[in-house]
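Note that the chains are named A, B, C and D in the order they appear, and that numbering of residues resets to 1 at the start of each chain.
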Amino acid sequence: MAQQGIAVIGAGMIGGAHAAAYRQFAHRLGGAVLHSVCDMNPAQARDLAEKYGFQRVTDDWRQVIADPEIHILSVCLPNFLHTEVTLAALAAGKHVLCEKPLALSADQARPVRDAADKAACVSGTVFNYRRIPALAEIRSRMDAGDLGRPVQISVLFQCDYAADPMLPHSWRYEFDRAGPGALLDLGTHAVDMLRFMFGDVAEVVGAVSTISIPARHLPMGAVTGHGHVALSDQTAVVDNDDVMSGLVRFANGAQGFVSASRVAVGAGNRLAVELHGTKGTARFSTETPSFYELALFAPGQPSNFTRYPNRPSSPAVGALAPVPHDLVSVGYAEVFGYMIHDFLAAIAAGRALENGSIEDGYRAAQVLDAIQRASVVNAPVPVAWQD
Amino acid sequence: MAQQGIAVIGAGMIGGAHAAAYRQFAHRLGGAVLHSVCDMNPAQARDLAEKYGFQRVTDDWRQVIADPEIHILSVCLPNFLHTEVTLAALAAGKHVLCEKPLALSADQARPVRDAADKAACVSGTVFNYRRIPALAEIRSRMDAGDLGRPVQISVLFQCDYAADPMLPHSWRYEFDRAGPGALLDLGTHAVDMLRFMFGDVAEVVGAVSTISIPARHLPMGAVTGHGHVALSDQTAVVDNDDVMSGLVRFANGAQGFVSASRVAVGAGNRLAVELHGTKGTARFSTETPSFYELALFAPGQPSNFTRYPNRPSSPAVGALAPVPHDLVSVGYAEVFGYMIHDFLAAIAAGRALENGSIEDGYRAAQVLDAIQRASVVNAPVPVAWQD
Amino acid sequence: MAQQGIAVIGAGMIGGAHAAAYRQFAHRLGGAVLHSVCDMNPAQARDLAEKYGFQRVTDDWRQVIADPEIHILSVCLPNFLHTEVTLAALAAGKHVLCEKPLALSADQARPVRDAADKAACVSGTVFNYRRIPALAEIRSRMDAGDLGRPVQISVLFQCDYAADPMLPHSWRYEFDRAGPGALLDLGTHAVDMLRFMFGDVAEVVGAVSTISIPARHLPMGAVTGHGHVALSDQTAVVDNDDVMSGLVRFANGAQGFVSASRVAVGAGNRLAVELHGTKGTARFSTETPSFYELALFAPGQPSNFTRYPNRPSSPAVGALAPVPHDLVSVGYAEVFGYMIHDFLAAIAAGRALENGSIEDGYRAAQVLDAIQRASVVNAPVPVAWQD
Amino acid sequence: MAQQGIAVIGAGMIGGAHAAAYRQFAHRLGGAVLHSVCDMNPAQARDLAEKYGFQRVTDDWRQVIADPEIHILSVCLPNFLHTEVTLAALAAGKHVLCEKPLALSADQARPVRDAADKAACVSGTVFNYRRIPALAEIRSRMDAGDLGRPVQISVLFQCDYAADPMLPHSWRYEFDRAGPGALLDLGTHAVDMLRFMFGDVAEVVGAVSTISIPARHLPMGAVTGHGHVALSDQTAVVDNDDVMSGLVRFANGAQGFVSASRVAVGAGNRLAVELHGTKGTARFSTETPSFYELALFAPGQPSNFTRYPNRPSSPAVGALAPVPHDLVSVGYAEVFGYMIHDFLAAIAAGRALENGSIEDGYRAAQVLDAIQRASVVNAPVPVAWQD
C-alpha cells in the first residue's frame, strides 16, 4: 500500500487526542504520514503539529479534503460543522472519523449515515469510551451471556464545567445556537454506552431537563473555552439543560436510565455505568478506571462483587499496551489510541469499522432527539431505531 | 409518668428490630415495661419475647389493643394489615409506630393520616433509613444550605432476594394479592428518601416496570419466607415488577430518579443515594455505612470529594452511641434503635414524631401510586402532594 | 440458676460499652440483674446507671467485689488499676472481664494469668475487635486452610487523638507514668489481632518509636480526657511513643508488621488488617466495616479480590443481629455486645471464655514488652511465648 | 542541534515501554531519530522495532555503543548486565537511561555513580513510579510543607507472579544467580519511593525474609519468562526471598516500613504508599491510579480524607497529557513516557536529570543491601547514605 496521508481537522483539545494517537500508530499502517493539522487559528494548528510531529498546517478544511496526498481524516471541529465536513470527506472518498456528536439532530445525521453506507471508504464516530478495557470486557461478557438477559442499565455522565454561576454566558447556554446543553455535549457518550451495552432503544418513556443556573452574566468581552472572564452587570437567560435525564425502554424489553450533567459539583469528568442482567450485575466508573466489579448469580451461593482489573487478556491491553501486566493502568489517551488503532486497522484490512460506526452516531442522535423531545412534550417518545 | 406497657405486634424479622430497640431504650421512658409480643404463631411470639425480654405473648392483636396496660405499639404485621391495625390503635388512643409501607395505596393510607392528625397520641411510620447518621447529616446540610438549591437526586434500593429463578412462585409475585412488587416492598424506603432529602414530589414524569423472570415454578407445598422448596413442573406467571424505576419532578423544581429492584444480583440490601445541589454533591451507600462523601463548590477552587465519617458530632451518634469515637461504625440495629428512641422521646415529651410521621407514610404512598400508574399508562402522573 | 448480679467498675466511655451490652443480653442469662455501676465520680456512675438501667451506684470497687449479690464484673478502670482489681475479683470468685491492656507489662500480667488459670470462674480480656464479623470470618477461613499457610500479616491501629500539638501535656505523655504511648494504648488491639490471625509471636525482629511532637505545653489547670484547655507558656518533654512499629517473626515462621499511632491525621480510629497466606490474601479496614476482601489462588486462573459482606451466615450475625440480612451493617456497640454475649454464654454454660482469654491478654503483654524493648535496645528481642 | 539517534538495548517487555515512549516524544528533541533496537534475539528486536517504528535492529550492544549515529540509549537488559553496559555507554559519552535496579549491589553500583558524576552526558535510573501524577503531587506537598515534618511512611510493592507453586524452578529462585528475590526485583521501586518521599535512609532497624514456597519442581525443558511448562518430578530449593520486609529509620528521624512480595495472591502489580507527617496523611495505591487521598490537620477542625484526582494542574498532566481534563486517567505507559520526556528534555537543555538519577539508583542499592544484610544477620544495619 502506498503511504497514506493523515490529517486532523480542528486543533482544539480533542484534536490533540487524535494527533497523539495517530503519532502512536500511523507507522503501523505501512508507514502512513502525519500530513497536516488544520485550524482556523494557524498558531493553534502549528502548535499541535509540532507537538505531535505533523508535517504541515493549513487553515482551510476544504483544502485538506481536496488534497490528494491526504487519505485519512479526523473531524474535530465544533459540533455544528461535523456533518458538513464529514459529508464532504465521504464524497471525496476519504477515510473519516468524526467526533461526537455526529450531528445536532437525527435529521441532520441521516444523510451522513446514508453517505457512509454507500461510500467505499472507512468511516466512524468517536465513541472512545467503548474502548476502555473494563467496559469492553463487560460488553464481551454481555455478548457471551455471562450476565444473562439484559434487565436494567444506568449510565451517568457528569461534569462540573458549568457549575460555577460566575462563568459568563455564551452561545453554549442558548438552545437556538447550541441545541441541548448537557444532553448533547455529554449525553452523547452516555447514550452510546446504553446502546453499546444493551442494544437499540425503542422508546424514551420520560425525560426531565433542569436548568439549575437560570441566568448568567454577560461577559465584558469575547468568550472562548470554559474559563473566567470579566463580567458585566447584565445577565442573559440560560435556556438549555444543565442536567437532562431520560428513562428508556430498549428494543429487547430492558429498561435504562441515562443522565448528563454539566453542573455536578466534584464530578470532574465522570462516566459511571451499572448494568443488571438476569444472571449478573456489573459496575464501572471512570473514577476507578483500572477495574470493573461483577457479581454473578450461582445457584445456592451468595453472589458477591469481584473486582476484575486490567490484565493482558483484557480487550486491547495485551495487544496494544506496551507493558501489559496485571492491574496495568490504561489512560484516557491510550484508550483513545485504541480507537484510532482500530480505525487504521480497518483501513489496512479494507473492512468497515463496526465498533463506533457512523451508524452508531446516527442511532445515538435518534435517542438524543427523543430525550430532548420527551422533556419538552412531557410524554413518551418512540425511537425509530429500525429506520 | 406511670409505667407504660410496650407491645410488638408481629414477631417476624422486623419485629425483632423493634423488640431489640425497645429493650435498649424502654427504661429511659420512666421505666416503661416490655409488655407483650403478639403473633399468630405463638412459638414465634415466645421466641421473640424471650430473646428480648418481653413479659407476655398473645396471638390476637385486638387483645393487645384492648389491653389497658399497653400504651405503646409497634405494628410489624404483613403489609395488608397495616392500616387496619394502625387505625384500631389510634382509635384506642395508643402511641403507634407502623412498619412501612403504611398502606397498599394512598387511598388506603389517607384515613390513617386523617386519624393520626386528630389523635392525641404519638404516631409514626417506620422510615429507619432517615436515622443513618450519614444520611441525617446530609439532610442537615441540605437544610443549612451547604449544598445550595436542590438540583438532582438519585435513590436506588437494590436487593437480590428474588434473583434466583428457581425460587417458588408465591403471593408476592401476583399483583392482585401483593400489589406492586419491588416498588412496594423496597421502593417505599427509596421514595421516602427522595422526600426526606428534596421534599415533596409533584409529578412522576415516567416510570418503567420490568419483570425479568416472567414465570416461576409452583411449589410442591406451602411457602413461607424467601427460601427454596421443592418445585413442581407447573409454572405460574409473575405479573408485578421485579424492577421499577421512576423519573420525578419535585415541587421545588428539582429532578429525581428512583429505582427498586428485587433481582439485582450481588446487591444484598443496598440503598444508594446521590444528590446534587447548586453548591455541592453528596453520595452515600449502605455498602460503606460509616461515611458519606461530599464535594462543595468554592469559587476558583477545584471541588473534591471528602469523606465525612461518623463522629461524636454526627446526628444521634454523640447522644446515643455508647462509644462515640471518630469513624465509629453504627449498625442497622443501632440506627433502628435511634428511631425507637425518638418515638419514645416524643411520647415522653408529649409532642409529635415529625421525622417519619404517618403523614410521611401517606405522602410516600401517593408517590408510589403515581409511579405504579405511570408505568401502566405510560404517561406522566401528577402527585396531589398538597392534599 | 439463681439471678446473678452484674457490675461495671469504671463509668468512663468504655464502661458505657459494657453497660449497653449487658443491658442487651443480661436477661438471657436466666434473668441476670443489672446491679451496679461503680466510679470514683458518683455523678458519672449515676449517669451511666440511668442510661443503661443499672440499679445502684457506688464509688468503691472493693465494695463491689465484696458484694455477694454481684457475680459478674467488668473492669473498665484506668490501665494501671487493671491487674489489682482483676486479681481481687478472681480471688473473690467473680466472673471477670478486664479491659485491655490486661496490665502495663507481662511481668505484671503473669500473676493474673496464673490466678485465672486456677480460678473456677469465667474470665477474659476485652479484645472486642475479634468479634467483628468480617475479621472473625477471615480467622475461620485461616483455620479452615482456605488461605493456605500463613506468610505475612500487617496490622495497623491508627488514631489522631494526639495529632494536635496544642493539646496540653499530661501523664499520658510521660513514660514513667503511662509506660509506652501509642503502643500500649492502641497497639494492644493490633498485637492481639496479629495473634488472633497468625498465632504466637516468637520474636520481635526490630522496632522503632517515633515522637513526632517532642514537647507539649503544660495546661493552666487540671486535664481530664483528650480535649483542649488553656495552656501555659511552659512546655514539658514527651518521652513515650507517638508512633511505634514492630517487625515480628511468628512461631510458625510467618512474618508480621504492626504499627500503632496516636498522631495519624485523619485516621479517626482505624484498624486495618492485611494478611497473606500461600493460597490467598485477605484485607479489612474499619473504614468499611461491612465487608472484607479476599483473593484466592486457583491454578490457571487469575486471582481477583472479592468483597464478602456481612450475611446471616457470618459469625454472630445470624444468631445475634436482630435483622440479619445480606450486607447488614453491624456497629461498634453491637460487636462489643457479641463479646459480652459470649462472656455471659460461657458463664451460663460453665465453660471458659477462650476467644479473648486472660491468657490472650498476657500473651499480648509479652509481645508489647518485646516491641518496646526492641525499640530501646535497637536489637531483636525474643518472646517467651511458651512460658 | 543535529539529529540524535536513539537506541533501546533489550527488546523484552520493558524495552517496549521505552520504545513506545521514545516514539511519543523523540520528535520534540529537534527531530531525534528512532535508530535501533538491540537484542540477542533478532526476531524479538525486529518485532519491537516494527511495533514502534525504529529503523534498524542489531544483536550486539557493543555495536550500538560504538555507533556514532546513536547518542541516546536505554538499557533494558537483564539485571546482571546493567552496570557493564551503562558504564560502557557513559565511557562512550552517550546519554543513558538504565533500567532498575542499577546494579545487583551498592558495591557494583558505586563505579557507575562515580562515572556518571564525571560524565558530560545525561544519565538516569528508571524510577518511573516517581512520575505518577498523584505521587509526584504528594511529593510536592511534602516539599511545600503541607504535611508538616515527616513522621512515618509505608511502601508496599506486591505482585503474585510467583504465587503458583507449580511454576517451575529457575535461576530467579537461586540467591547465587539472582541475588535477593522479591527484594531486588520489586523492592527497588519501593525503596526508591521511600527515598523520593522522605529522603535518605540512615539505618535498617530490622528485616525479615520469608520463603513461602521452599522448593519448586524443575522444568522438563528450558524456562523463559514467568509461564507454566512441563515439570519433572525433581524439585530444587528456593533460597531467596518470596517476601522481604524492612523497618527503617530515615536521616531526618522519621520511620518507615517497606515490603516486597512476589507471592501476594490477587495483588497484580500493586504499589501502595501511605505517609504521615505532623500535619497530614496521604495515601495512594496503583489500584486507584487517578487520585490520592489526603487528610490535613486544621486546628479545631475534624481532619477528613479528601480525594485529589488528576487535574490539568497535576504534575505533568497539563503539559503532557493530550486531553488534560479533571479526573483524567493516566496510564502506566503514559507515566513511563513522562520519564522519557524528562530525560529527553534534560538532554535538550544540557542539564542533569535529577529526578531519578544514577545517584538515586546507587542510594537505592545501598538500602537494598542493608535490608538484605539485616535479614541475614538479624540485627540493625546502618546505611552509608552520605558516602
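In this section, a contact is a pair of C-beta atoms (placed from the backbone, for glycine too) under 8 Å apart; a residue touches a chain by one contact, two chains touch by 3 or more.
Please read all numbers here as calculations on a predicted model, not as lab measurements.
Of all residue numbers used where chain B meets chain C, over half belong to both copies. The two sides are thus made of the same residues.
Greatest centre-to-centre distance from chain A is found for C, with centres as Cα means.
Centre-to-centre separation of chain A and chain B, using mean CA positions: 40 Å. If you average the CA atoms of chain B and of chain C, the two centres end up 35 Å from each other. Chain A and chain C have centres, each the mean of its CA atoms, that are 54 Å apart. Among the residues of chain B, those touching two or more other chains are numbered 160, 267, 304-305, 309, 311, 326.
The touching residues of chain B, counted against chain C in their complex, run 13-14, 16-17, 19-21, 23-24, 27-28, 50-51, 53, 160, 267-270, 286-291, 309, 311, 321-336. Within the complex formed with chain C, the residues of chain A that make contact are 302, 304-309, 311, 313, 326. Against chain B, in their complex, chain A makes its touches with residues 149, 151-152, 154, 160, 163-166, 205-208, 210, 212-213, 228, 242-243, 245-247, 249, 253-255, 257, 259, 261, 263-267, 276-281, 295-297, 299-300, 303-305, 374, 378-380.
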